[in-house]
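The letters A, B and C name the chains in turn, as written, and every chain counts its residues from 1.
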Amino acid sequence: MTPVLSVRDLSIDYRTRRGPVHAVRDVSFDIAKGETVAIIGESGSGKTTLAVSLIRLSPRSARITKGAILYTNARETIDIRTVAEDELRQYRWSECAMVFQAALNSFNPVINIWEQFADTARAHGMKDSAAIHARANELLDLVHLDPARVLKAYPHELSGGMKQRVLIALSLLLEPQLIILDEPTTALDILTQRAIIDLLGTLKKKLGFSMIFISHDLSIAAELADRMITMYAGTVVERASVTDLFYRPRHPYSVGLLRAVPRVSGAMGAVESIPGSPPDLIRLPPGCTYIPRCPLAIAACADREPDLVPVDTPDHDARCIRWKTVAEQVGTAEVAVAEKIATA
Amino acid sequence: MTAAALPRRSDRTLPRQIESAIEFLRLLSKRPSGLIGFIGIVFFLVLAFIAPIFVPNQVNPDVTALYETPSAQHLLGTDNSGRDVLNQIVQGGKEIISVALITAFLTTLIATVLGAISALVGGKFDAILVGIADIVLTVPPLIVLIVISALARPTNFLALALVLSSLGWAGLMRQVRAQVLTLKERDYVEAARSLDLGLTHIVFREILPNMRSYIVIHFVLAMTGAIYAQVALIILGLVPFSGKNWALMLYFANTQGAFYFKDAFWFVFSPILAIVLLQLSLVLFVNALEDIFNPRLRSS
Amino acid sequence: MAATTPADAKMVAQQYPTTPRASRARHILGYWRHPVAQAILKAFLTVFVTTSITFFLIRLMPGNPIDIKIDELTKDGLMTYAEARSQAASLFSIDLDKPVLEQYISFVGNLAHGNLGYSFVSQGTPVMGIVLAVLPWTLFSVGTGLLLSFSIGVFLGLFAAYNRNTKIDHILSLGGSIISAVPNYFIALLIVIVLGVELRWVPITQMRGATSPGIQPGFTPQFVGDVLFHAALPISVFFLATLGHWILGMKSATINALEEDYVNAARARGLSDGRIMTAYVGRNAVLPLVTQLAITAGLAIGGSILIEQYFVYQGVGLRLQAAVTQRDYPVMQGILLMVTLAVVLANLAADLLYSKLDPRIGRAGGATGT
């Protein structure tokens, strides 16, 4: 089956005065129908840059230097990088809906929620107000909101959680095949986070769309994801299924991320943050970008940046020449690592 | 470990002020209109304050050459008493610019002090002061100034400047107050152990540097406002001081009906041009200032 | 404090009355929190403070107009001091015998009844009448000029922001800066001396005055056309004088609005650029400018003193200039108060308009539920 989205060797640069910032480098991944992929990384890892490029909404200073973004639906396959402007506008939201980070400011403050629903619907050819209204009601019900109250309201009258739900409802308006969520729960309190994650899980099962979930929070992403991709310094460092990543990580960065997740149950301690900070994306070192923070770095690591290579489990790749060593180390602490999932 | 080290500058031993002045000029040169404005300001300052030293007052105006059109002898023609217009232009900027400078200084001073005090003291005092500022901002300024001048009859620079600054402080005062309020919050949270004295001290040593850009921009804007107002007052004859003054030339032109007299065109047009070019220089300069200071403010 | 006996209960109930009348009263008092009520209150206060200051300036300053008038009247021995005093007092509608505070109160009372005193120069003519005869003409020219400059300026500013750093943007921005630097009365004067006298492109003598003689007032096309003909120059001046401000202001506001998250979010939803430009960017960018409408009007009206003189347009500016020349203080005071009232009302209208346009103001805003 052709994947819904296929990203091949995507590279994106930002123009700055100091020189081009290589924000995204040689990123490749596939998303199958109905699959949820989580992209995990810290700030500056390039995940948002990657995400906005998938709907070609990058700022003017960004430039795709290489690669392709192939989207496939029942009828055709298009390359988002080259598709025409009006087809792109159709693609946005009806095929692929993106819910931004800081959803709190995703709404026009001076018009009410109904208008914003209607605007979206009308932009995609729905003309009958009654039909739009019926659909809006249906969607708001689906996210457990009171349509009568919400549609009349203005954005500032809704709480962060409510706005996030409205955005999720809105994103389902045209029944897209793919929904991209960039840090959907970051700005919310923990109870609301829980509610949103549960909601997303239910909707995913019910409606069957593919989802890209971008976050820096491993445990939240793990709940919804089938597969996970960790990004570091603009490139993919590990690609695996959720269980593989948690039980059998093969890149030191992934291990570091896992160790940084605090455990609710079990012994205290062994929560470590990764020392150091990400590299300068303008002047990248010749070898592996993770060396300064990697406990397993050796001289050979600095020769050239490692390729993304398959490891010992199927559909699992890591960008590390010492993945076997990682495997050995993790193997002995496998129980500890696995406990994280139980408590997340 | 992370970013490559920036190349070290060769040892520069210029004092910090000169370095920042050079940096400022460099930034300004990237904005041509601002640079033109700056040059214009310098030009007018030289014209108004330095040129009169070299260009003497006319002693014997040629009474036979009334309202002459521009010629080699009189580059801008003459007025109704045969006096050279260009000479009057050279002499006439000093008062206007001086009053503008004093007014801008007073306005900025009042606004900064009131704004800071109002924010620090808070409570009813603050509410009243803000209310007063709001009222001052609402009333039509020129009309009020005219009525005040008609009643109070300012007779010298300082009096005029005082009258002009009686209304101009309100806008900046509110901005200063807003800034001090945000800083006040921060200090309360972080340094509850500060003595009240310490708080005031910190605030005054921290706001002013942060507000330098606001204040400079407002100073220049206050100058443009002062020029607008004083020229109007002088043309109306409400400010009865003698002396050379561009606006006074227009007052005389008005009373002599020179506006409708074709030959008197240069006598009327020259002071207008001088004032407009001065205002234009100030406005272009201030636009460039806003542009220079803003990106930094926005990133913070 | 718990009520333990019926007497206690009554006492407690008296402290917190809950009769329908009382709760209605509290309900009405609650309205004072409403921005509309607060705006009206502020408007009142502004006019009140201005009138008070005028009163004290006129009464208490050394060399104040009343004393001057008395001197003038007694100069040639035409009147006794007492007669002159009462004459001056009546012209100002102030009773000089009463203590200052009572004078003030009756002054304010007179104002509330629309009694602004009587002209010094044309004895016995009520100031209110004088002002009302001329004020509408000025409000008409300023208002029309400002509305035109706002609509066109906002549109141009939006255009400039969308075409940032292109030639047309540079022209609009530079042009805006240049015209905003020219004092409005100079625009009028330049029209007179350059376009009128020097180049003879504009028939300034014909365009003098607010109306041509011989045309009957009324809603006839003839009269309206004539009025517009005469008002064309003042309107053009106010238009040009304020246009630059709107162009630059809207350009900067639009640039800010374009950086907002919701604009990108709207694009991500596939909305057309046109819809985004009007309903998402435009509507948000124009909001801060609406608040400046009234202030700009106040600034513009000031220039009318000279502008109307140059065009001989019989508005409030021309009348004020005459009053200043003739030292007709009651008329000056009356004009100041009425113009302030007009500007304050304009401010009020602008505030109300703003609260209608921005749903975040004037509503019980705030998050409810999760």
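Observations, loosely collected:
Here is the rule we use: a contact is a pair of C-beta atoms (placed from the backbone, for glycine too) under 8 Å apart; a residue touches a chain by one contact, two chains touch by 3 or more.
Keep in mind that what you see is a predicted model, and the values were worked out from it rather than measured.
Per-pair tallies of C-beta contacts place B-C first. Relative to the C-alpha centre of chain B, the farthest chain centre belongs to A. Chain B and chain C have CA centres that are 25 Å apart. Separating the centre of chain A from that of chain C, both taken as means of CA atoms, is a distance of 54 Å.
Distance between chain centres (mean CA atoms), chain A to chain B: 54 Å. Residue positions of chain A in touch with at least two other chains are not found. Residues of chain A that touch chain C in their complex: 55, 57, 89-94, 97-98, 100, 102, 105-112, 115, 119-120, 123-124, 154, 156-162, 170, 191-192, 195. Interface residues of chain C, counted against chain B in their complex, comprise 42, 45-46, 49-50, 54, 57-58, 61, 63-65, 174, 177-178, 180-183, 185-186, 189-190, 192-194, 197-198, 248, 294-295, 298-299, 301-303, 305-306, 310, 320-321, 324-325, 327, 329, 332-333, 335-336, 339-340, 343-344, 347. By the touch criterion given at the top, residues 260-262, 264-272, 275, 279-280, 283-284, 287, 357-360, 363, 365-370 of chain C touch chain A in their complex. Those residues of chain B lying in contact with chain C across their complex are 33, 131-132, 134-135, 137-148, 150-153, 224, 227-228, 231-232, 235-238, 250, 259-262, 265, 268-269, 272, 275-276, 279-280, 282-284, 287.
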